[in-house]
């Protein structure tokens, strides 16, 4: 029983890469999208009554599904590895009171309420539902945590840029107020009013509802627009750098775990293994996918981290399984691929692109020699 | 005969760098641009009848040219290296049913139809033609595949950003709907209506047709604009990183193949060769181009991957051909160039810039010694 | 006495990371925000008289607090380490006449004036106050110096881009003036008038108050918009690169100083220490924070640069203090964390992420051996 | 005489860093700005007659100055090092017919014409003058060549993005034309008309003069805006990368030449020298500048590439001249600066920041030892 709870918990974890978890996440995403779509349709004033009945039925079904999901999450909460020392009831309370638990509860409350007390819903039902669904979606998207970590890592630098942004914003509003209040007292009559113009201009949105008319106001506007471009540029640089670093760190950890499954890499030292991990990319293939096509140019080699592939050679096929590699011959001999290679099961491959292959081979001759030995053995066979 | 088919196939391949293929691509691009230009002129209501006749004639000619191209592509389809085991008819069917084949067929259908059944065309003829020409153009542009691969490589990260974008978009529309529906029921009366405002604001386009009026609505708008800048920044970072990585990978493979033609590099080990390849840049020169001008400062050296150059020395000229190099003396002696060097044929050079030259020389002394030996021999000569 | 002045000076320094200095900065920021908020409210025409009295009282109090801060800064000025050879009076004059001193004086002048001559303030009181507060805020924000240095470092490149921007701007205005002056003489009648359109378009703000109507004017507008995107792209690249380099340089200096407190690093050579510093990140934890949670995956190890932590082991807890490290066992054994680790005091940790740990271990085997020895000793203990 | 021509030629060269050349460029920039400013004032319809007389006089003077510059450039043309084998007359013709020569001639023609035939100028005089001044400015700005080289280096990738941009633009215009022509025949009635909307939207300018009204048109608009952000992101990535690479290459060549003047670096090998060059930054100081302030933290060391500095020690000052270095003691001992150091002449320094100092010291122990020996000798002295 514990085992089934643990398995269910893994499937419900938004960061797990198992097929079951991916299918669950896809279904959940679809349900949220259906829920949002129906709620949006429901919110249009004066829509057809029958259509309204249908979409409200759909919303209720989505709500029921989410209530079921909530129950499952509550049930399997205690088996979280990091909370194993708590008793089940305490662990369930712990989850129910965590941000994720509260968001999931909130997402089902309006529907449950509606089902219980009949279809008499508050007029803002649609807006509240959409916001709660959005909250649920951001709590369960795998990328949301990634973006959250990036913002957390760069919080100091982002704060600096935000303070700069605020300084430019308020200074611009004040100067524009001084320049324009005589000509346009209604929209530049006070600094808070001029702030609206300042943010619309500093982000280069430019609605055009508030436009400076005096020469001095326009010169200020010019500088504000250029500052806006500069702020955007700084933000772009900070977020882009932070994002790519965080993605690299996550990928390193993932590939580190997969590399352990390939015997070729087990004998090499710590420095080589770190170099190898930094250069490999994990790629997923469904069953029946053609990984390598005969006659195509060879631009990378593959290590099988999970699954099996079939090498379609003329006399008879060869099966390669977890821990084995292929595709090195086209790289070493600079020739096109000599056979089709097709996945038999769903596979996770570690791909080593040609530039990385040769740079690794140069830095770690032992590794190169092991790969060449295997290629020589295969050439003797084929 | 097979050989002429293979050659034709190479010329029609959008990724091949041969002069014939480049000339073909230029002609094709011109034809598409003429086709689009004429179709656009044709679509203007109430244009001069004679002008209309002329542009429709031009469209018909472009269509005929494309029909001829289609026939050529169909004829030379079987000799694709990777499909060599199929019989010609099957290979032609294979190409005709591939996305590229279908796009090329679609691009000629309306014109063929028009020529067959007279000039009575459907009223949307122009719009459909333009879209089909655009489709054909994107199928044959060499960069389209590159951008496609970048988007494919980064698809997970892009999906994350798109989901974030969607969450901000819908939440913004919902909050603006709550804030503004009392004041502006026509444009914020339902969440789907408010979505239009949200996307115009989140991308900082700011048409100005829909502008929040309440204080709360404007505060939401401010946060949406700043989020828009953040989303743009994230997208910029992801696409820029992915693009530059993909370009590097493609260049590595290209230069790897060219390096094999320079004997100087054949003796050095795998690590050195990977370093060399990463630092070289391929550059194309037409015949008669002055690669190096006497008296100019020396900032790079050149390896001839294809073609011949003439070194214009005072007593008599020297011809250098494929696999030889020049320009190293100005780098080693820190002096201006001592002679004009002009291409005799169209040439592909591998260029090594000064910073890379000295870094390579430091890391691989054997390579530096070989280059210096050649320079010393030439100095003795000159 | 000198010592109390020095300590106060440190607390008032915007770049110092001491807890006292951070608390002071937070209070100062709050005061400035309150001051700005109240001034903004005060500037709204026709607000309630009693509210106005209240906010003016608040502004006066903020002004008094700033006057007190000014007196403190003036008093502790001489003990600046770099000015230690001057006598106190000269040092105070030196500070009072420095940009920071003048800004601080200006920020209190209007309030002091108002308190002295009664509440009869000039009508632009609010705007001037806001600008002075903004000036004070930018003088004391730690990030302002950072951004200032980035702009200083990149000043040549930025100047180049600004000149390019100016060239495009004026050329666009001139061409649009030629194209549009016949149709729209009021807004394109002279080149200075057309400049307003050019800047609104080149920054892609697009208010929409001035729009070209002729075909030629619109073609120019299209090129101006695309140039605007290009300028933005160039600025983004320059600022982003410069910003990230400056942040790295600052972090290197900070971490360099912290590393000296960890004995493990004292024995290794200069090359290793530079590698270590480049890979470590400094992170601050408040007292009672859970740094490592039992059962969580191990993705980094920690060096204590300041403070104490408690390792909560089953039989009894262990206290680790400055210079010691923890978290290496989960990395070495690839297992989840085996204990909770909680800070007892406020701590500064140097964090080494897993990828960096293994790359360092590969490059500097002596360091890896020392860490493994400590882990072995602990395993023997536990 | 030849020598005075060569010197003048150097001063007129926009890429030369000599003080005379910099002063000349500053004067030229001021003249162009005055010329543009006056021409802009002159172009305002109905300005005061006397003001008009004054600005036209100023324009005439600027024109005369440019004519004098043209004569100088023509006179010193032959001594260009790379053209030294031509006779003076041929070299002058060569320069006069080069793009730079033609631009310089064009910039003086209108003024010369106006002075010759009296002040009866064509009505478009102002616009033409501004364009010609802009052309002259871009021909003589040092950054213009840099940006030109970046665009040349990245021309293939930029072309790809531009073709993508064109495809999205035309496809968007076509689809919007289909969606909106029934509702808004005047602005979406033909595809060329819809192109105006497409470019305003794709660059996220959003004037708001043309806005889609139908649901389908708005969905297209949403995708166009997001594509616009993507195109901007790609352009930003390409230009930013290309720009920073080109700047690095230029700096490497500059610093390479300066490094030759420092004897410390003359004994070290090719690999070390390339590492050193990559880490140094050139910085210019005017005479009398305080390079290092006593008591300030030491974060870099300095090598004198040109000029002299005075180290203000207590008993007596020490003069350091070209090829010597200072500032290493604060780095080695981790102490504040022990003396003020002031430039006596205008100086060019090579600056080595602290992180780079320690990384270099680790990689090249011989270099570190030489610097430490000098520091020890100085400590013995001081």
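Lettered A, B, C and D in written order, each chain numbered from 1.
Following the convention adopted for this analysis, contacts are C-beta pairs under 8 Å (C-beta built on N, C-alpha and C of every residue); 3 or more make two chains touch, one makes a residue touch a chain.
Please read all numbers here as calculations on a predicted model, not as lab measurements.
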Contact-graph distance - origin subunit B, target subunit D: 1
Of all other chains, the one whose Cα centre sits farthest from subunit B: C
Subunit C against subunit A, contact positions shared by both copies (same if over half, else different): different
Rotation, 0 to 180 degrees and nearest 5, that superposes subunit C on copy subunit D via CA atoms: 90
Euclidean distance of C-alpha centroids - subunit A vs subunit C, Å: 28
Separation of mean Cα positions, subunit D and subunit A [Å, integer]: 40
Where subunit B touches two or more other chains, by residue: 204-208, 232, 236-238, 240-241
Interface residues, subunit D side, partner subunit C - complex: 36, 39-41, 43-45, 124, 126-127, 130-131, 134, 137-138, 141-144, 146-147, 165, 196, 199-200, 203-209, 231-232, 235-241, 243-244, 247, 293-296, 299, 334, 336, 353-355, 358-359, 361-363, 368
In the complex, subunit D residues that touch subunit B: 80-85, 156-157, 159-161, 163-164, 167, 170-171, 174-175, 177-178, 189-192, 201, 204-208, 211, 218, 221-222, 225-226, 228-230, 232-234, 236-238, 240-241, 248-249, 252-253, 256-257, 260, 269-275, 277-278
Subunit D partner contacts - residues on subunit A that touch it in the complex: 204-208, 236
